[in-house]
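Notes follow once the structure below has been shown.
Chains here go by letter, A, B, C and D, matching the order in which they are written, and residues are numbered from 1 within each.
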Amino acid sequence: MANSEFGYVRNFEQRDALPPSNWIVVRIDGRGFTKLCKKYDFEKPNDFRALKLMNDAAVEVLRSFVDVVIAYGQSDEYSFVFYESTTLFERRAAKLATSIATAFTAEYCMQWPNHFPDKPLTRPFPTFDGRCVCYPKRKVLRDYLSWRQADCHINNLYNTTFWSLVLKGGLTATEAEQELKGTVSSDKNELLFSRFGINYNKEPQIYRKGTVVHRSQEPSSCTTGGTNGSMEAIKMPIPVSKTQLEKERKRKQKATIVVENVDIIGDAFWETHPDILASKRNQDFGE
Amino acid sequence: MANSEFGYVRNFEQRDALPPSNWIVVRIDGRGFTKLCKKYDFEKPNDFRALKLMNDAAVEVLRSFVDVVIAYGQSDEYSFVFYESTTLFERRAAKLATSIATAFTAEYCMQWPNHFPDKPLTRPFPTFDGRCVCYPKRKVLRDYLSWRQADCHINNLYNTTFWSLVLKGGLTATEAEQELKGTVSSDKNELLFSRFGINYNKEPQIYRKGTVVHRSQEPSSCTTGGTNGSMEAIKMPIPVSKTQLEKERKRKQKATIVVENVDIIGDAFWETHPDILASKRNQDFGE
Amino acid sequence: MANSEFGYVRNFEQRDALPPSNWIVVRIDGRGFTKLCKKYDFEKPNDFRALKLMNDAAVEVLRSFVDVVIAYGQSDEYSFVFYESTTLFERRAAKLATSIATAFTAEYCMQWPNHFPDKPLTRPFPTFDGRCVCYPKRKVLRDYLSWRQADCHINNLYNTTFWSLVLKGGLTATEAEQELKGTVSSDKNELLFSRFGINYNKEPQIYRKGTVVHRSQEPSSCTTGGTNGSMEAIKMPIPVSKTQLEKERKRKQKATIVVENVDIIGDAFWETHPDILASKRNQDFGE
Amino acid sequence: MANSEFGYVRNFEQRDALPPSNWIVVRIDGRGFTKLCKKYDFEKPNDFRALKLMNDAAVEVLRSFVDVVIAYGQSDEYSFVFYESTTLFERRAAKLATSIATAFTAEYCMQWPNHFPDKPLTRPFPTFDGRCVCYPKRKVLRDYLSWRQADCHINNLYNTTFWSLVLKGGLTATEAEQELKGTVSSDKNELLFSRFGINYNKEPQIYRKGTVVHRSQEPSSCTTGGTNGSMEAIKMPIPVSKTQLEKERKRKQKATIVVENVDIIGDAFWETHPDILASKRNQDFGE
């Protein structure tokens, strides 16, 4: 048969299953968003509507990928964290990255009119690239998330100061850049306050902290009783039946998705939500 | 600084640059399209509008990724071929796969209303997964494309017969399946003709052959004269200046994109379009 | 220059650095050792001299690779464990696997005459293949080592029974195989005892447990005083100076290498040697 | 069973099969050979016995790995080329690299006394690291080999001049280095001739060209007649029977191994030996 003559080409596909017992982060980044910001005249230093759109897209991604336990976003990027023993797509890197990236892209494009009813989306449409990264320990994963949130803070403090100098201070971009060269955080805080009366720490948290998205584990979201109703917190016996898994999936799909602009570098957030990074289904390897 | 304390997490990203001197195919596949077909009541065995939408999306992808030399699509899949020495995204697999897949997804969602004005798109929105495969020789690449087209033929012949039995012959799905068990191509051709008066070879080429998308290399698309105006055919001297590359990119973006439903298994197509798989910029390694 | 014309071929080398924060196991296996056993008439079911040779080779490997914290061997295989944050050869898989495998091979060949003075080594000389595997958690690494030791036990019990039936019971290989089909451990223990008076649990530990090789951390090996003088146990401040690292390396090279035939599945061994899998140089990621 | 409880650790092994239709080069390099040269007092700039030992080891490697079609060595390195469709070890990179590297190491150690009867080998024994590189086209593979030979030439010309200045000219190493700074090939040739009466082009080819090792394809090595008796040159029908393959393997093992010190950058060598890079068993993909 014609097909079998050519079928050998399948052997050129390389396996790309990610190693077991690693947290998988899929981070997506807006492609060419500098141009896109200009094209749609996004507000500087932060466009609230644009960030809200990012967050709304992320919520839907979390809703349909129940193996994602938390997501963190800032600027034009979002990181989706799969729990360490997920077997989604047999952990194949390309499948994971493209599925998350296309789901996010579809949501971003389709929800655009809700956030920018005055600015019809035209070609080139917004798209996102993505990649998988494996983190072998809970601690390293938390450091990854801290890294992104620290990045958010640093960029936002810079951008807030820069655009204050330009928009309120009347400086050119070059002058503002020059003014900020060599300054540290406290210098920028001082400059913002003394020249523009801005208390940086009172700026909206969404700008300073970025956005965390996760599933609510509150008792109210659970109907079967038990200690806290959290499927994640329960060490389920292995093997888990298909029916159980399906029930779990459905429950997760219905779970309330929580969107917060809070610190995730310190321990407080994680102590309040011990279920998020809890081990699943007895797959705890003693970390 | 907070950032540097966490910066080490960057080291967990693995390099995924694909090897040089290989044709890179990014194949995308519709995710959960069996459900999507039912949801939007796609016609069986082929929905012309759905295929047209796939093709229109592919055309735009080809237009924005000038390093793609040809694309081939059938059913809910599309393969995009990057020329063997492309340096786009430094040949990083994740970047290539997600950029193509999200570009295609955005086009598919945004162009949907043009093809299905009567069927508003609702959640879950259509998405596509994707992967990169490297083909080290022109011959192997052609075998890959032949494999996909042979697959199109085999599936379409089966589906055409199956749905004729069901829709015109009044069989149940199970009965039709039973009837087709063990039949070869000639049996199906005969069955179609004798029972339903269908000459399979007269069925629309788009169903039997799938769709090829490539850039036109006709003289008319070229304004600077020269032998045949094909940038691809010209062995350009190395190094090529940035200006030249930019000009080439712009020319390609403006080039007419050709959409054809033709045989690509035989040599005729390739002999008519020698430029498509021609080596670029002196990077011919004697294949 | 001629060289630069061809230098592009370097780009075909793929990066193969293993991910950080993972224990790296290099396991080597004798190539074609079934033939080799016959050729040199190794004793069945275990050849003490051959196992001793394996162990002696492993000791030298451990001595020269100071980043190996423990090794475990049985039959014709040996596993060498690099501590999780080692940066040897920039964690490049091919370098690690080939360096360990060739060092082991050289030792095996050169030490052969010490163990088999009556059997000169002839071509084909003994060689070993090897591969790297990453284990992200201490617990998973211990399970890996348990897996190898459990494998040793199962094979040895089978082989001991099989060869007793053949050598002492006068059965043919086929008959012995038939006799053992479907038996569980207790059956084999019983058979050994009732028919051959062999108490399996009194068989030499080297056969039943395999061999563990690690560095002694006893106070005596240390001259600088302190609690226990273990460099591994000390959380050293980062950055560590080159001189310090060099001193540490030299001390390790001089450290007594301990060879034991003990259980490593239970906790006792690890509790007695907490330093072996201790984190190095503050690189503890909270496991 | 104990074993199955731990068996999951197997899943941490990553697949490392190299892509089909690529020439696989395993290059090995002496580990720490600068020290080894000093320890055994190798002659400068070239130690004939040491090179001869390298070549003798390579010959044996070629003899036992019949899928290696050619090897090229210089200094303390050797490259072994597997034909592009080899299926040895299912093309697994770690297996290929470690098998070649350990075979070479064993030969090097065992043959040492033949070449250095006056210098007993002591610990640390010589070892070699190794790595696999894939070359997708015959042309690229030849460029790889040319790269190594060009490297040989450049280094040898430098070393010959450097050591002449030191050993015959009485310069210190630093003075010699200084003298050679900025010189091109012709300068060195001139210097060698005018100061030391050395015509570089008359230096032994083994120093200037390195060493090529391959199987003889002369008619005399063939008993079954035919056009030229070359198994490689014959397009064998697929499928090839096991018996045929076994016969072919045996024939290759018996084939005369040719060791030459010739130019492999130009076409002459390859035109004289068209069989070396000929496609095997109909697996020609039109390169």
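Keep in mind that, in the parts below, contacts are C-beta pairs under 8 Å (C-beta built on N, C-alpha and C of every residue); 3 or more make two chains touch, one makes a residue touch a chain.
Given the structure is predicted, the values throughout are model-derived calculations rather than measurements.
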item	value
Copy pair chain B, chain C: interface residue numbering same or different (half cut)	same
Of B-D and A-B, whichever chain pair has more C-beta contact pairs	A-B
Between chain A and chain B, centroid-to-centroid distance (C-alpha), Å	31
Chain B and chain C, separation of their C-alpha mean positions in angstrom	50
Distance between chain centroids, defined by C-alpha means - chain B, chain D (Å)	42
Residues of chain B whose C-beta touches two or more other chains	8, 12, 14, 19, 21, 134, 140, 143
Complex contacts: residues of chain C adjacent to chain B	8, 11-12, 14-15, 17, 19-21
Contact set on chain D toward chain C in their complex	1-3, 5-10, 12-14, 16, 28, 31, 60, 64, 89, 93-95, 97-99, 101-107, 109-110, 121, 123-135, 140, 143-144, 146-147, 150-151, 153-154, 265
Residue ranges of chain D in contact with chain B within the complex	19, 21-22, 134, 136-140, 143, 285-287
